[in-house]
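Data block below; observations after.
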């Protein structure tokens, strides 16, 4: 009983640590790989850590037009993302906070963060913030059904929306993701991930050219620690979604239960899979140009179709 | 004795006000007369409740619960109208609607005509209701037409003459058909023992031997009667005189025409329906009645929807309700008959209230076009506006007002009897009427008001309005036990149970 | 056994007179002059009175004599005189122009007679006492033709005349079908007819005064 | 005991009505009396319904008055009690709010009449929920419609208001017609008007009749509920009413339609044919989606909220549809889950929509406009209202940890579980519906970012907005009550679901809550074998802890090294309200993406003086086509009126013609009638 408590505690702590520590790294890795692929040297993969540290040390400018929403948002975003991160299985097939929320809760917690981010975008009265919020809400709204369908597909497979159960079912059948249903669902969720994490071809995380940015436009007015929080939260969100993707569809190396050695093994596998996924993302980003905003719905329509195909095929094949 | 009083008092009133010199005298006479008649009617109702039927002159006069109810309703409307018309005619006299003349002699003559003809009109209706002999009943009915024609021409405008002419001719044709029907009924009974005596045409006698009447003749008779008295009741397609007559007559007379006279025409129909259904079985008459009822309801809808003149709209609503009551009669049975009787009572109250409040509006704005009034009533005359709205809601069968109860009963009778199409059409048509009435009346009552002059206080009219309105609201929630008993008894007469 | 006590003979006479009445009705349809119209009506009513008297005589129904007398007084004398007065006072000279032209109206009248017989046919019973369905047929025909004439006339006065002739049909039915209704009823009815005639006369007069014409087909202010 | 409480509540309301009518010459007194009576009545009703629910029994009361031909009877069974509870909570808050809200109207409006109808609306609602026979139900139903009509048309000097009121009344009356037919068909099948007698009766009728009755009820109640396509009155009528009435209308009046459906679907019907469930589910999806899509295009704050009522009705109907399908598929437990989801959402919507309308009311009263484009920056002028509105916005967007999230989550779970219940293609409906529900929820979130941010954040867009004053204490109290309600219903979900036990017991014969509650009442589960769980309380707790542990201290520290300055705005100097993002601009992407539905019409007029490059004035106007009104209702109405005008030719004025009618009728009857 008692050591079970302790293991739970360690487990949660590890996952929390992984979320906080790994997220900037993933961002950095993707950036560097991209640079290399474009035959640039690019920054070190640890650059994001430095950025965050710097930002945390800086002072900040609060726009006089802003209200308390502006100050509250970074915290809400940060905490909701962390909480969502703790609800997914990362190392072992147990979501530490699985009891507090299932896949739907994860999606809606991320939604909560987005809601406040959009509010703060409009809070300052800057037209770019509004532009960002408008586009962000539109795209995420359109991405929602596809994501939900993909989640449904795996959830129906597992007979539950609980991520612990989903991962638990996935374990062992490592080549399950070759089933058509899984493929379609995977593709749908991948497209959604691209849209949600604001990557090319939907959004360009690197740009600060006013008319093209989406996520960056919302946080344009943030500076110093708050900016750090928001950026950090963004990268955590990216990590969460990637982990969700790989652990639901590609549970290779996922441990059924928590154990010291297993944990290390699990982390190893996790890193490997993350690296793989990052490479995939990098390839996509370099291979495609950013879409016009009004072409994005087409992409998401494709995702939706894939999702419904996944559903159909769950009982066709 | 009571019956005699019932008949003599109005006659006396008429005679007295014919010889009266001054306006005040006529007003007082009418008011007193109708109050007396009202008391007599109440007494009659009580007596009928106590011992089934009242008859006089070895069955020449005959009153059962049905007649008692019709009489009671007629007289109560007459009483309210007589109070109302005092204010109404005074206003007419001041505003010169009776035609200016320095001496005012013509005006007095006109008032005398009104105050003489109204009691005569009521008298003939009462005679109709207590006459046992179908021929006398017919004659009384004809008398109602004759007495009311000159009420329609009261204002002597060319339009009122036109209306009166249509009323007279169409009514005349209708009544001759009714007479024909009466004849054929008599013929149907001529094989009965003692049919050549006076009592051979007595309803009570015929009703007893209804089964023995000649079937074929009864079929013909019922068709003629339906068309004949249907004309007086204003069933489509014989309804065409109604809007004209109602919109031209002085408002109190219009109220009498559209409630009391309608009840009387229906009363005749009911009497013959009882004979016919006992002789031929309910199926044949009820099919005809349902046909005409639905036709009337249907015809009323477009005219209410696309109406410009609110007094004509009220007339069409009366046609609609005539249709409803005929349908109820056609459905028959315990439910239908009870629904019919309740509806008769409720409609009488609501419709007369509607006419009187519309009369207030008409006199204040001197127009009966919606387009000219345009939502200033509630500002100019709040009380009238509210009452008008309530009455409108009541007449279209909106709960909690009472007409919903009777229409609900009728509809239930329809569905229980398997007349699903009839029921559905009933609902459809009532919705149509509701739509039109609501649009027009709310457009008339509600609104910014504009520059409408605020009306002065008018004790007689508003008093009678308030009295009637409070009755209307109360009966939605509570019916006096004896009244309900009377209505039930009347329903039993109709359904023959 | 003189023929004057023989029922068959009586029936003959009555049927003959009834036929005459019918012919007069049709004549009224085709007649263009108001005054002639009034006189035809008087004649028709006269024959009706004759029928009534005949029936009274042959069936020993004294109260029908009263009815006959009343008809004679009211419909043969009073009403025609009243109307001719009106015609004089209103100087009506122009002839009637019916809505349906004369030949066609006559044809229609014939058709309506047919309808009358069709309807009455279903009442035919050999054992029926008195003049059963023949008289009924004539009565219905009179009624329908009178009705048609009302539709077919523009002038107020002629409409009233048509209405009265229509009521003649009723009277025929009353006496021939059932040997008359109880006397008091007859009285009431005739009284009503008289009053109706007067009332309508007054109306016609007032319309003439305010409208400078008695062409009621032009009274079309009230619509919708 | 329960019946005494309930009846005394009714009596207090009616007394309040009478009193305020009597005081109509003294507005202040009328206002206090009517609001106090409404509040007291609501509290009594609250007590009665709470007691009824927890006793789990049904109380029958016969009313001693009315026309003895009909019985006026009341039955307070769990379902009725549940809706009464909803009514009581909302009504109490709204009455509290009205104390302050109505003060502005003193002097210029007849508050006596207002109080009269207000105190008439509440009892008629309570009676609609409790009437136990068809006749009395219809009486209460129409009394409610009547008083609602009078309240909607309260500001009747405005053309739009009159039009909206009449439209509402006509449509609701047409709906009542359908109900009348349906009830009478049932009655003629069962031989009595008593609801107790209707129990499971509908399923014993012949299939055709059964389907007809079902559709009649669906659309008869759908009109009141705002079901697409019979919803058009709702976005017209709710905005024009005084805001406290809008709150009641959207919060509870449209729920009478939901109550009726629940009563019919789960009391009168046994397990229905499958198609009924699919119809309801489909209509639910359509209503939800169209509701939110049209809401996105509004910049009239109250119209926006009205459209969201349609959306939420759609979500509730999804639950009903799923429940019906589960019943026909023989899955009582899932049916219970879906039913709970639907009813839970009903309550939640009453609370947060009421809250939002009250908030909108305060805003409109402060800024004297309903147009969002003229508001802005109100969060500084009216902080409490802003906070309450934000709570409502988060709740209605279905975001954790508030109540909207819980009921939507339950709906998802029900839909998800549906996939396994059948092998036919029908099962695809469930996940598709779920996906569209997700779309709806996300769009709703987008819409409420707009609905909160545009009026409350950034700079004031007009002088009124700049001069706005915070709502009066009682108004704030009213809103606070509902805001707390949102939180309580969200965090206390596991406690609240117990309320549904008697209802599911009555409707489906099972008590589901014990299966739904897990982890000692900390987590909520769909009740399936090992389904996912959520714990709103836990989430909230963690947020609070984290906030207390990190956010506050760090925020304190960082404040010291923070300065406030002008917004950077990409380096553009001088940020003014003119270059703020507008509501129209915010929803522009969606307007373009869904232009096939909206058929937007835009029109730009520029006046030039010197050269075409320097317009002196530009007029931009932009509107979307209200498809249903334009494509269905307007043409229908025009047809009807044209036909009516043609029919008026019957009464052409010619007496000869009139005589001809009668003549023809006579001939026809003589020839065909007599020898029939």
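Just so it is clear, A, B, C and D label the chains in written order, and each chain counts residues from 1 on its own.
Criterion: a contact is a pair of C-beta atoms (placed from the backbone, for glycine too) under 8 Å apart; a residue touches a chain by one contact, two chains touch by 3 or more.
For clarity, every value in this text was computed on a predicted model and none was experimentally measured.
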{"item": "Comparison of C-D and B-D by number of C-beta pairs in contact, larger one", "value": "B-D"}
{"item": "Between subunit D and subunit C, distance of the C-alpha-averaged centres to the nearest whole Å", "value": "70"}
{"item": "CA centroid of subunit A to CA centroid of subunit C, Å", "value": "101"}
{"item": "Rounded Å distance, subunit B centre to subunit D centre (Cα mean)", "value": "44"}
{"item": "Rounded Å distance between subunit A and subunit D, as computed from the means of their C-alpha atoms", "value": "36"}
{"item": "Contacts with two or more other chains, residues of subunit D listed in rising order", "value": "648, 651, 655, 659, 662, 666, 670, 674-675"}
{"item": "Where subunit C touches two or more other chains at once, by residue number", "value": "119, 122, 147, 150, 159, 216, 219-222, 224"}
{"item": "Multi-partner residues of subunit B (at least 2 other chains)", "value": "165-166, 169, 173, 216, 220, 243, 303, 306"}
{"item": "Chain pairs that touch, as defined at the top of this document", "value": "A-D, B-C, B-D, C-D"}
{"item": "Touch list for subunit C against partner subunit B, complex", "value": "119, 122-123, 139, 143, 147, 150, 156, 159, 163, 166-167, 169-170, 173-174, 177-179, 181-182, 184-185, 188-189, 191-192, 195-196, 199-200, 203, 206-207, 210-211, 216, 219-222, 224"}
{"item": "Complex contacts: residues of subunit A adjacent to subunit D", "value": "59-69, 71, 75, 79-80, 82-83, 97-105, 108-109, 111-112, 114-115, 118-119, 122-131, 133-135, 137-138, 140-149, 152, 155-156, 159-163, 165, 210, 220-221, 224-226, 293-294, 297, 304, 307-308, 311-312, 315"}
{"item": "Subunit A partner contacts - residues on subunit D that touch it in the complex", "value": "377, 379-380, 390, 394, 397-400, 405, 409, 412-413, 416, 419-420, 423, 427-428, 431-432, 434-439, 441-443, 445-446, 448-449, 452-454, 456-459, 518-519, 522-523, 526, 528-535, 538-539, 542-543, 546-547, 550-551, 554-555, 558, 561-570, 575, 577, 579-581, 585-590, 592-593"}
{"item": "List of subunit B residues in touch with subunit D within their complex", "value": "165-166, 169-170, 173-174, 177, 216, 219-220, 223, 226-227, 231, 237-238, 240-241, 243, 284, 287-288, 299, 301-303, 305-306, 338, 342, 375, 378, 393, 398-400, 402, 404-405, 408-409, 411-412, 414-416, 418, 420, 423-424, 427-428, 430-431, 434-435, 438-439, 442-443, 446-449, 475, 477-479, 484"}
{"item": "Residue ranges of subunit D touching subunit B (in the complex, touch as defined)", "value": "65-70, 135, 138-139, 141-143, 146, 153, 156-157, 162, 165-166, 169-170, 173-174, 177, 180-181, 184-185, 187-188, 193, 640-641, 643-645, 647-648, 650-651, 655, 658-659, 661-662, 664-666, 669-670, 673-676"}
